[in-house]
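Here subunit A shows up in two complexes: once beside subunit B, once beside subunit C.
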Partner chain A sequence: MNGAGRAFLRLLSVQGSWNYERMQGIGMGFAAEPLLDDLRTTEPGRYPEAVVRSAEFFNANPYLAGLALGASARAEYDAVPGEQIVRLRAALAGPLGALGDSLFWAGILPALSGLALAALALGAGWWVVALFVLAFNAVRLATASWALSTGLASGMRVGGALGASKLPRAATRSGAAAAFAVGVGTPMAAAWLLHPFGARGVASAVLIAGAGLGLARWSGARFTATRFGLLALGITLLLRLVTA
Partner chain B sequence: MTGADGFTLLLLLLWGALAGIDLVSVPQAMFSRPLVAGTVAGALLGDVGAGLRVGAVLELFALDVLPVGAVRYPDYGAAAVGAAAIAAGSPWELGLGVAVGIGLLLSAVGGWSLLALRRLNADAVGRHAAALRSGEPSVIRRLHLASIARDVVRSLLLAGLALGVAGVTLRWVRLDRGTAAALTIAAVGAAAASALGGAARGAGTGSRRRWLAAGGAVGTVLGVLVWGLL
Partner chain C sequence: MPFVLSRVDDRLIHGQVVIGWGRPLGVQRILLIDDDVAANDWEQDLYRMAVPEGVTIEFAGTAAAAARLGAWQADARRSMLLTGSVPSLVRLYAADPVALHRINLGGLHHRPGRTERLPYLYLTPDEYHSLVELELLGADITAQDVPSAVPVGLGALA
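Coming up: the complex of A and B.
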């Protein structure tokens, strides 16, 4: 089977056609095309069905989607019955979504973001931002490459390969690291930005932050950060206008 | 942004558009994170410090929500570019609050535009349902590339809107020093609440909550010591 390199590049845009109909399905089909090319000549009868299956409903973390892509493509070449391949994709979507989201969105990304904010507060310059981008992409590309090659090598046995990998443990650890890093970075960044305003400015900001945390606890996820930010700015502006 | 030449504005527009398509479509390399988008925009305008600070505050807001597939989330990329354009070239203590406020509004508009894009993509998939059943890969390719092209248009429009709003704000919004400073303080307080609130929600009640508390204690001590807040 050829085309792994092109499939990897296409996976970078796996969410490019994200929609409420098939979610990442079309993106997966787009990434599968180079992998399925050889099937056109080796098994021309099976090829159209394989193409149709490759673009069916799918949703997972984009950086781990390669596991499902590679495993499905391998299964097509191994002449696994189509219904089993559909079931494999469906079975992989949930775990790949949960694991990848824990690892990247709730782990590595906030951890690096918190560290970058802390470093900026300590006086680091723009290079910290460059380091943030480089570090995230190094981990993300390495993981995505591993995912695709593992899927291609494992086929229908991909579940075992995923379970035996270091990803579940990494997700747990990165979550703790993210909590610590955001905990460190937030007050440091706030101190960096509030220092010109003196004790009164800091006290006002702490009051607003406390109100925000209380509101978030009371209202749950309904009261978003954007809404609270705009509300805090609106009330501040109003108070200034009234007291001027 | 005041006094920026046409070439700089073009670069800002293209950067804002790249940050927009990076959020979901391609390459998801975190150019859309406000810290990154804001810093680069500040550099393009010759005021990296303003970009860094705007990016840092909006990054704290962005930490509230995880950019998970089907979740509705704000688009901070072009918003951070517009906010940095407002803050650049003026004392950051006075420009940050207004810039962040406009940035938050723009991020909400970006979030809505993302929903509209997803509906358009779904409509396109629905229209080509029969062709998709034919097993012809060119149908999938066309659908995918057309969706990315739609996101490019969305992102360009959003970046143009952000720069336009920045221009209008710089031209028309005049605040006294006290009000401008109060807005900056409010923006930083609200941003800190957003980041900590999001982290607490994500941490649940187990050991992660303890890691968050430990980090908060360390960060508070370091922040006070480094910046001499007491």
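Coming up: the complex of A and C.
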């Protein structure tokens, strides 16, 4: 089987045609096409149905989608019955979503953000921001590359390979690291940002934060930090316009 | 204790379930009700990998689950009931209408015969009518994919 390099590049755009009907399905089909190309000569009868299967409904964390992509392509070459491949993809989607979301969105991303905030507050220059972007992308590209090659190597045995890997442990640990880094980085960054504004600045920040906590408690989960931030910004701008 | 969430979601355990609902609700145990998964060891291994440490999963087919609803609620752990299909939900509701009194429609995806009701919710006419019947029996049913979304009542899904 050839085409792993091209499949990896195409996998970078796996969310490019995301829609609610198939979610990442079209993106997965697009990435699978270079992998399945050799079937045209080895098993021309199987090729069209393999392409159709590869583009069915799918959704997982985009950085781990390669595990399902590689495993199903390998299974096509291993002449695994089609309905088993469909089942494999369906069974992988949810767990890869949960693992990847824990690892990246609730782990590595906030952990690195917290570290970057702390470094900024300690006086590191703005190059920290560039380093943060580079570091995050290095981790996710390395993970995505590992995912695709592991999937390609294991086929239907991908579940075992995933269990034997460091991924499940890393997903749990990165959550703790994120809680620590954000807990340290946020107050440091707040103190650093508020320093030039003196006591009045600190008092208004405390007031706004208190209002946010109160509203979050009162309204439940629907009141997200982003929504509150935008609301606070809007009120501030309005007050400035009125008092100006 | 009563279930903290009873959810219908054909992707079963994924990011929205573990991070979106599991964390704020403090879920300690997920009761995954699906006939195919209950009969398949390697799929169960996959789902076990997907939950954080400290969260356990119990697998059951619909018929077995209907018989265990009482025992599950006698347990002190905070549990989320999760099923992937409307017929399975109907069966569970019939077994214990009080336990499944509040139902969360979290995601049913495109399939031939289903039409879009919400971006994350596609239903066949039969599925929709089954849900309406459950509501007439007293169930409180809303569609809501993540906690930060606005819950939508069945009437708006017709």
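By our rule, the second predicted complex is superposed on the first by the 230 of 244 C-alpha atoms of A that agree within 3 Å, B and C clash if a C-alpha of one lies under 4 Å from a C-alpha of the other, contacts with A are read in each partner's own complex, and residues count from 1 in each chain.
As a convention for this text, contacts are C-beta pairs under 8 Å (C-beta built on N, C-alpha and C of every residue); 3 or more make two chains touch, one makes a residue touch a chain.
All figures in this text were calculated on a predicted structure; none of them were measured in a lab.
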{"item": "Subunit B versus subunit C as contact partner of A:197, first or second or both or neither", "value": "first"}
{"item": "Which of subunit B and subunit C A:95 touches, first, second, both or neither", "value": "second"}
{"item": "Which of subunit B and subunit C A:21 touches, first, second, both or neither", "value": "both"}
{"item": "First, second, both or neither for A:30, with subunit B first and subunit C second", "value": "first"}
{"item": "Subunit B versus subunit C as contact partner of A:224, first or second or both or neither", "value": "both"}
{"item": "Contacts of A:86 with subunit B and subunit C, given as first, second, both or neither", "value": "neither"}
{"item": "Touching partner for A:59 - first (subunit B), second (subunit C), both, neither", "value": "both"}
{"item": "Which of subunit B and subunit C A:236 touches, first, second, both or neither", "value": "first"}
{"item": "Touched subunit A residues, subunit B compared with subunit C", "value": "B"}
{"item": "Contacts of A:118 with subunit B and subunit C, given as first, second, both or neither", "value": "first"}
{"item": "Contact residues common to both interfaces of subunit A (with subunit B and with subunit C)", "value": "20-23, 59-61, 97, 101, 105-106, 175, 221, 224"}
{"item": "In the complex with subunit B, residue positions of subunit A that touch it", "value": "12-13, 15-24, 26-27, 29-30, 33, 36, 47-52, 54-55, 59-63, 97, 101, 105-106, 109-110, 113-114, 116-118, 120-122, 125-126, 129, 132-133, 136-137, 140, 175-197, 199, 201-202, 204-213, 216-217, 221, 224-226, 228-230, 232-233, 235-237, 239-241, 244"}
{"item": "Complex contact set, residues of subunit B against subunit A", "value": "24-31, 33, 35-36, 39, 43, 48, 52-53, 55-57, 59-70, 74, 93, 96-97, 100-101, 104-105, 107-108, 111, 118-119, 121-122, 124-126, 132-137, 140-141, 143-148, 151, 176, 178-179, 181-203, 207-209, 211-220, 222-224, 226-230"}
{"item": "Subunit A-touching residues of subunit C, taken from the complex the two chains share", "value": "11-15, 17-19, 24, 36-37, 40, 42-43, 45-47, 49-53, 109-110, 116, 119-120, 147-150"}
{"item": "Residue ranges of subunit A touching subunit C (in the complex, touch as defined)", "value": "20-23, 57, 59-61, 87, 91-102, 105-106, 159-160, 162-163, 167-168, 171-172, 175, 220-222, 224"}
